[in-house]
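Common to both upcoming complexes is chain A, partnered first by chain B, then by chain C.
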Partner chain A sequence: MADLGVMALLLGLALSAYSAIGAIIGEKIGMAALVVSARRALYMTTVTAIVASGALINAFVQNDFSIAYVADHSNTLMDRAFVWVAFYAGNEGSLLYILLALSVISAISVWFAPKRLARSMPWTIAILAIIQLFYFGVLAFVASPFELLATVPLEGRGINPLLTPPGMFSHPPLLMGGLIGVTIPFAFVSGALIAGNYGDDWIDVARVSAIITWGVLGTGMLLGAWWAYTILGWGGYWAWDPIENVALMPWLVMTAFIHSIMVQKRRGMFRMWNVALLNIAFVLAQLGMFINRGGPVVSVHSFAASTLGTIFLLFMMVSLVFAFALFLWRMPQLKSDRAMESFVSREASFLINNFLFLAVMGVTLWGVLFPVFSDLARDVSVSVSAPYFDRVNGPVLLGIVVMMGIGPLLPWRKTSARSMKQWFVWPIIVGLITIGILVALGIQRPVAIFSFGVLAFVATAIGEEWWRGTAARHRSGDNWALAWWRLVNGNRPRHGGYIVHISILMLALGIIGTNFYQQRTNGSLALGESLVIDSYRIEYVDTFDSSRPDRIAQWAEMTVYQIDPDDYKQEISFAKAQGSSGFTLKDSTLRPNDELIDTIEPWHGFYIDFNMASVRSGIRSTVVEDLYVIPRDFLADGRVSLAVSINPLAWWLWVSGPFFIIGTMVALWPQAAVERRPARKRLKGESEGEL
Partner chain B sequence: MPILLGTLLALVSVVVIVYPFLGSKKYRLVSESFVTREKLRAERLRIYRKISDVEADFTSGDLTEADYQHQRDQLRIAAAEILKQESGESMPNAKRDEELEKQISRLREQSAASTEAPEGGDTL
Partner chain C sequence: MASRLSFVAVEQRALPASPVTAIFAALLLSLLFALSGCIKESDITLEQRAHQLAGELMCPVCNGQTIDGSSAQIAVDMRLKVRDLLDEGSTNAEVRDYFVLRYGQDILAAPERSGFSLLAWIVPVIIVLGGIGIALLSIKSMRKSGLEAQPVGGISAVANQKQNDLSDYLAQVDRHLSVGSGIKSDEPNESGDAPASEKAKS
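Up next is the complex of A and B:
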């Protein structure tokens, strides 16, 4: 199968080179058959990428350890279900996966491209083919997943244990697919600019492909956070790790783009700005590839042993120069149809929101690159950690949430004082009431309280929009549910956007809760002992082994009780005096109001072949808070060492995911056609060939 | 076997990319007029959608009556102008106005309820 894989990669390399050259020459000399042939070559690269991927997957299924990549990432003990994960578990396989994703989405987007873009399609095809050419070249000559071993081992090394949880079936593919997906809107817009198509013909293709990419990337990041929280067992979900950051940055820029493209669509403004945003997103995606493939920044996610850094750095530099040279060349033709009339208008709010997104991106980029600059300039290795990102990005992100409430309430062009009063009064009142209630309840931390007020303001703004629209339909005879459904259906991009905004509010709720109100304690327990934190008592009742040939694993069975803090007054006072959030109890006698509410089974494993420890936390999750128990180690004296935390509102982080996906899909769902297209036969007659 | 499959894949690829040069179908680059027609049609549909949005904005109080009338008239003029370009001079003015009204009514029906409720545009 290695031979087939190598042949498919070499063929793909030749086809993508032909496609790029054929499309450009065909367009230049006006030879339609050559352009058609180039387009078909692009489709065939998809076939070759599928064949190469199939060959690698088949090698995993067959346990073909003559292929180094297969021997490195699987063994005969590996469940066959993990073949898919093993496929992209290493550097070479993940590159092949990226190529597969790129070629498939390239073929789909070219196939469905609107006819009005026919003149720019050769250029779009050429750009897509050149990017594919790069990946085919890297896979064929530098990082081949089909490299053979001189001596075939009897057994493989096995799959990285961190990649075996179910989330790994979707998190890496979505993240890599999202990053490479930025290529599609970039290629369409660049193609249009090269061809001299300065109008708004590319808006719909760019918007749809950008939203798909943005949704995929966002879902991938959220799944990654969930994986970190539930599987990695370090107690958090976002560490501002360089690889997390390089996925976040293009996502932020794409978020800015999918907002400002609406201004171009509706008002004919921001054309230049939108092209610049797509360019930045594309270059940032390439930066992500560079850092992930042996770039200079160390991350737990990256393929650190890779030597591909220089190649990807060069490709990123070429992308940067190409994108912005093209932009500067065509800039004079990209002027807006009209100027902004007022700074209190929807378009102005979109612009402010764009600046805020770019500010977060800039801060994050600086945090990622600062260690590199420091190393180069002073020969001193430094690392930029979470507090920098939290402190600088936190207020800007809050500003984005505020704009999320203000923007949709402002009309296009300009706003009158009357309409400001009409739309803003209720959201402001509800925001202030929320702050008042939290203060009255004795909740601490002013910044968090203000943030909760902001969330209430935005939620009320969305609710008010929906209420008015639904009530208007209800008055015309629809029942409430149908009225709301018709409201959403009437303008899906807008109301899908609101659903996404709700998901962001949920996410913000979880972030504020876990960042401002988390409680932590550590302790080690012998059987029968308990650890008390806040209103929970966790008793260590049993332990058992579940070792397998590839791992040594030990489980702890723990019962969780809800306690009445008054029953533990003395111990709690003592712990507080020591500056601790919790304490251990040697006595197993329960107090009068202790109530059994759950049993959790955290475990700690060690994977011999990988010399790697892996932990599964015990989590009791509710709408209000999570009880999070990390078994750090099982000690020789029979005790278990624990890190326990209470993570308020963490549940909302994960509930936001489905809302994010649903909102994105609603926003993407096509509107009903205003006008039926002419019959196919007639269209064919008009289309003058295949282009 | 893998070599055979690889060779077959290469042959299929060659056939697929060579076929446009040898097949009976003669390809021509799309004419300027075809692209222009497609662009005009797309622009007209965009204007219809904008008219619908403007009506919704007015209903929701996002636009004053004067602004609404002004914007709607401008958009209708733009749509009529495009219809004129699309049909050449062959379509009489009355027919063109009728076509314009028909398309706008169709759009209005599609989002029947949305024109009665607060609509301010798109967030995504």
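Up next is the complex of A and C:
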């Protein structure tokens, strides 16, 4: 198997080199046949990448521990399904996975590239081939996953226990695929620029590939957050860890891009800007690869740490120089077709939104690099972590949410005061009323209350637009559901965007709730004892062992009661005096108003070989709040030590995911498939939303 | 030209003083008043503060985790120490100082706001303000240059010309429609959009 893999990699290396050189020379000397063969060579690299990946996966399936990578990342005890996870569980394998993803999407995008891009295709192929060449080279010579061991061990080391939850089947592949996917729009646009194809032929292919990549990357990050929340057992979901940040940064820039590309599509503006955004996103994705593979910062995500830092740093530098040299060279040809007419127009608001996204990106980059900078400048190491990023990025992110309410309501070109009034009165009223109600309810924390008001403002703005469009169609005879459906269908990119905006609002709701209102208490319970926090009583009723040869593991069964604080007045005031948010009860007798609402089963496992603990939190999730029980440890005396928190609105974080995916797909769905409405109805409907 | 409506023009046509604006103003004022009442955070327990502080201290032996999130023994001990210090009546700043003294600056999850580390806090402000400034400036310059500059490129110039013609036509349509049915003319639609306007024609 190892031989096959090595051969496939070497063949891929040769093919991608041939493809790059062939495409360039063929284009230069005008030999079409050579370009065609370069294109076919690019398809063939995909085959070699698939063969190499297949060889590695097969080695895992057959427990071929003569291969070092297999011995390091699997064992015979492992559930066979995790072969797929083990494939990308370490440095070499994840590089091979990235190459696989890159070569497959390269082939697909080149295959389906529109005919009118024919002139720039040789350059696009060359760029894709060169990037593949880099990965083939690294895999073949520097970090081969097919390295053999001198003595074959009887048993492998096993898979990293943190990678065994089901989310790991999709989170890493989506994230890595999304990061490398930025290459595709970059290659198409750069190819067009080299070829001197300055028109807007590349808009659609860049937009579609960018949205796919952006959606994949976004989904990957959400899954990662979900995994952290349910598995990692630290009670959070986003830590502003360097590795998270380097995935977030290209995503932010791509978000800016998929907005401003619409301006180019509709209004022929922002060409230069869009090219610059793609360049930045591509270089940031390379930065992500570099930081991931042995960069200069510490991270919790040390799965792929390696000594490849220098190589990836070099590759990032080359990308940076190439992208911006090309940009500067072609800049004079990238002028806008027409001028900005007003500060109060959709294109102006998109530009401001773009700069806000870039600001968050810039600030995040600064935060990631500041420790390095501090080390170099004065030899003092500092840490830059969540408290910093929350503080500096929070306000800007809120600003972006505000723009999300304003931008879509503004028409292209310019706005009259009258239309401003018509469109913004209701959102502002609802926003203010929301703030008023929250204050009246005695809710604390002004910043959060203001943020909730902003969310209500944006939600109303979207609702208003849907309402008016749907009502207009309803008047022309459709029933409500059909009217809304036709409204959405009439302009999918826009209404898909609204669905994504709604998912972002949900996400924001969860982020604000958990960041500002989380309550936490610690305690340890023996069987029969209970812990009380807020209006919950958690009783530890049973425990059972689930140890296996590689781990010591235990489940706890806990029943959750909803309590009436009046029953517990004494204990509550005692706990308050102690400064505690919760308290424990020794006896298991229930108070009159205790009501059984749920049973949760937190789990704690310790993996001996890895010297690593993994937990599964017990979560009771409702729309309003999550009760979140982390089993910190099962102690020798039979007690379990717990960290219990109440995470308000956390449910919304995970509901946002499906909306995000659906919205992205609606925006992507080819517009050509839109059903044609009868002309009679169209005349009436036309002056409404679609126009 | 009527279509060269600018921001200034919008300002001049600001909302007239109507009952609606008065109600708005009153609502806003009462809200500000109410908000000022809930700024002080009354019942934060010591445990809550300890939890918060734990999120601001790095775990010395884990990669990039705070002691709040780590289950390493040292993190457990440090959490207990934080709580002890708070029980003794220490302020948050004193707790932080206690750990900085023993573990060095990098025990703090966010850099201090003094000396060299102040840079970490100032640069983001510059980035954000600079970004917004550049955005506004470039909108301004795009408006100016566009008034004189001719469209670039052969085909797109034609398309552009066509679109401009259509947009004048559309403006006219809008005016007619707004006479008939109130809101329609000012809807946030893509009125400068050639394909849609062609549909409207048909």
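The rule is simple: the second predicted complex is superposed on the first by the 668 of 691 C-alpha atoms of A that agree within 3 Å, B and C clash if a C-alpha of one lies under 4 Å from a C-alpha of the other, contacts with A are read in each partner's own complex, and residues count from 1 in each chain.
Everything below uses one rule, namely that contacts are C-beta pairs under 8 Å (C-beta built on N, C-alpha and C of every residue); 3 or more make two chains touch, one makes a residue touch a chain.
Treat the numbers as computed from the prediction; the structure is a model and nothing was measured.
Looking at the shared chain after the overlay, A:199 reaches both chain B and chain C.
Of the two partner chains, neither chain B nor chain C is touched by A:437.
When the two structures are aligned on the shared chain, A:665 is found in touch with neither chain B nor chain C. Residue contacts after overlaying the shared chain place A:104 against neither chain B nor chain C.
The partner that reaches more residues of chain A, of the two candidates chain B and chain C, is C. When the two complexes are overlaid on their common chain A, residue A:391 makes contact with chain C while staying clear of chain B. Look at A:372: by the touch rule set out above, it reaches neither chain B nor chain C. When the shared chain is aligned, chain C comes close enough to touch A:337, but chain B does not. Shared-chain residue A:522: touches chain C; no touch with chain B.
In the superposed model, A:493 lies in contact with chain B only, and not with chain C. Looking at chain A, you'll find residues 199-200, 266, 346, 408-413, 416, 419, 422, 465, 468, 686-691 touch chain B in one structure and chain C in the other. On the side of chain C, the complex with chain A involves touching residues 3-7, 10, 13-15, 20, 24, 27-28, 30-31, 34-35, 37-39, 41-43, 45-48, 51, 55-56, 58, 62-66, 68-71, 76, 79, 86-87, 104-111, 116-117, 119-121, 123-124, 127-128, 131-132, 134-136, 138-139, 142-147, 149, 151-153, 155-157, 159-160, 167, 173, 177, 183-193, 196-197, 199-200. Against chain A, in their complex, chain B makes its touches with residues 2-3, 5-7, 9-10, 12-13, 16-21, 25-31, 34-35, 37-39, 41-43, 45-46, 48-50, 53, 56-57, 59-64, 67, 103, 106-107, 110-114, 116-124.
The residues of chain A lying in touch with chain C in their complex are 198-200, 232-236, 239, 241-242, 266-269, 297-300, 302, 333, 335-344, 346, 348, 351-352, 354-356, 358-359, 362-363, 366-367, 370-371, 374, 377-378, 380-388, 391-392, 396, 408-423, 425, 428-429, 432, 435-436, 439-440, 442-446, 449-450, 465, 468, 519-522, 576, 578-582, 613, 615, 632-633, 682, 686-691. Those residues of chain A lying in contact with chain B across their complex are 1-4, 7-8, 11, 15, 18, 27, 30, 32-38, 40-41, 43-44, 47-48, 51, 55, 114-116, 118-119, 199-201, 211, 258-259, 262, 265-266, 346, 407-413, 416, 419, 422, 465, 468-470, 472-473, 476, 478, 483, 486-487, 489-491, 493-494, 496-498, 500-501, 663-664, 667, 671-672, 674-675, 686-691.
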